[in-house]
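Both of the next two complexes hold chain A, though its partner changes from chain B to chain C.
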Partner chain A sequence: MKANETTKKAAAGRFKVGDRVKVKDMPNMFYTRTQNYVRGAVGTIAACTYQDLIPEDEAFNFDGKLEQYYIVRFRQKDLWEEYPFDNDTLQTETPEHWLEPVGK
Partner chain B sequence: MSTGHRHDHAGDGHADHDHDHKAAPMVEEITDYEVLEIAVRELAIEHGLFTAEDHRRFTEWAESIGPANGSRLVAKCWTDPAFKARVMKDAVKACKEIGLDWLEPTGSGTPSDYTNFIVLEDTPTLHHVIVCTLCSCYPRPILGMSPEWYRTTNYRRRLVRWPREVLAEFGLLLPPEVEVRVEDSNQKCRFMVLPVRPDGTKNWTEEQLAAIVTRDCMIGVALPSPGRTADVHPIHKARRPVQASVQHGSAAE
Partner chain C sequence: MAPRPELHQQYDIIASFQPALHAPQTWNYENAPPLFRAYMHPPHDVGGQPDVPIRYEEKEEEQWELNTYVTCEVLGWKGLWNAEERRRRADNDLGYTLYMGMPYYGRWIWAAARMLVDKKHISLNELLDKIAEVKARHEGK
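Presenting the complex of A and B:
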């Protein structure tokens, strides 16, 4: 079976393309694939990719709930204060529970 | 530890070691992960999940995949806008049109490869480059095994922080008005870059075009250009090579 193909369905994702989101700055508990360098940074949803188990569960073979994944786009300047090029960006993927909405 | 000279110091007590050649091990060190892989593989064979023959054939097949399908995909995107549109909509599905099924050979993809595939389209003002900062995630079903440098911590940790400097080390200097977009494939999507079709390729056939779309162009550390048909990285000779007299440290062993 395809990794993201499953009989279960998660609730519809809470974010849509273009939404501003902040990556939560949570402690590293055992395992995650959300990188430290984006913690606390504000970016924009670039794509809603798929629904799947989260790494925090999968790492321990725990068949937990499914979550919506997103590709989030950041300005490099928002990740590294002294980054010298205004235009440059970085995209990374993360499941929903790592993201919180940012007010307009 | 110097290799090939262990028998000098291995404690067999024979000064005249030329008459006492023991077979030297091919590999002197093995990582925990390699031990784990062998253990799990042998268990799986013992329990009949697959045979040793299945494992050998699959390994040989996986190692034989090169970037040729990626080159063909790019060439076809350049010559067929309708195909490109289908790639942008669903790249896994579009790959079937060039004879590549991401679900092969198991029906669920190769065991360690996810089947979410996104092709990142460059424009004259946007340049993509891929990395996996966590490990070495790479679109293997279409590009084959990743190059050694792609898996180094050096590339992985520096590309996200100093992308233009790293690209410059590959010989790729981009003007500031071009947006450099780093794609960190740290979850289950796999990515490759669709570069801009270079000038000087008008009326080229798909085969001609595919020949200039090298692996590095699809990672994003090089740009295709007429005449550039291989990823050649310069080899710099050591400025102060190790002297023959100190090459084999004997005291430490």
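Presenting the complex of A and C:
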């Protein structure tokens, strides 16, 4: 089978649009697509996108499981406290592995 | 043999890549210090870091850039690597100095060559011989 093909199915995603989530502050090692500046930040699920291998698996051709990807929206002020505009937001995409729920 | 002035010029350029401050570090192994996180930070995660303003230029790709893109995509269709492995190699594995110094598609072709050698599709000396052969052919034109 080619490196970029997969026959697996992912479990149903645990988050839905509007859920508050926190990005896990995992160690950095060798490869990631989860930016350093969102680690530990709380945001809101803006969209459930697709299911795919997670970058840390795919980058090393590890035959891992599929995961749901989400677009997470953060307030810029929550990422950079000196940011001057209250209403500006930043969106980034991350697989479920990196997210944990935040209590209401 | 490369002329000595060229060799010394290369060494001077390499010296300019080195950090200005060569302070011996005192590592605290029990509580990972900010220094450790900074060293382990993947080079391609540049968001939030300070940089100088750059001039935006509308520019077409060079022929070698298009050739590089197609070569890397064909290697993907052949199943030799996937897009994430390409990013890992071209954006992380090459290290900060090359990441900051090489042009965008220079990093792609570096990663493709490294992948082909790593996975034993070609030997390093086969690659070097071919590069030297092509270089000589172009210089003879």
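Following the convention adopted for this analysis, the second predicted complex is superposed on the first by the 97 of 104 C-alpha atoms of A that agree within 3 Å, B and C clash if a C-alpha of one lies under 4 Å from a C-alpha of the other, contacts with A are read in each partner's own complex, and residues count from 1 in each chain.
Just so it is clear, contacts are C-beta pairs under 8 Å (C-beta built on N, C-alpha and C of every residue); 3 or more make two chains touch, one makes a residue touch a chain.
Predicted model only: the values in this text are computed from it and were never measured.
By the touch criterion stated above, A:Pro27 is placed in contact with chain C alone, chain B being left untouched.
By the touch criterion stated above, A:Gln35 is placed in contact with chain B and with chain C alike.
Contacts of A:Phe85 after superposition on the shared chain: chain B is touched, whereas chain C is not. When both complexes are overlaid on chain A, the residue A:Phe60 reaches chain C alone and has no touch with chain B. Chain A uses residues 2-4, 35, 37, 55, 79-80 to touch chain B in one structure and chain C in the other. Those residues of chain A lying in contact with chain C across their complex are 2-4, 27-32, 35-37, 53, 55, 58-61, 79-80.
By the touch criterion stated above, chain B contacts chain A in their complex at residues 103, 108-109, 114-116, 118, 133-134, 160-161, 163-164, 176-189. In the complex of the two chains, the chain A residues touching chain B come out as 1-4, 33-35, 37, 47, 49-50, 52, 55, 69, 71, 73, 76, 79-80, 85, 87-95.
Looking at the complex, you find that chain C touches chain A at residues 37, 40-42, 45, 47-48, 76, 79-85, 87-88, 92.
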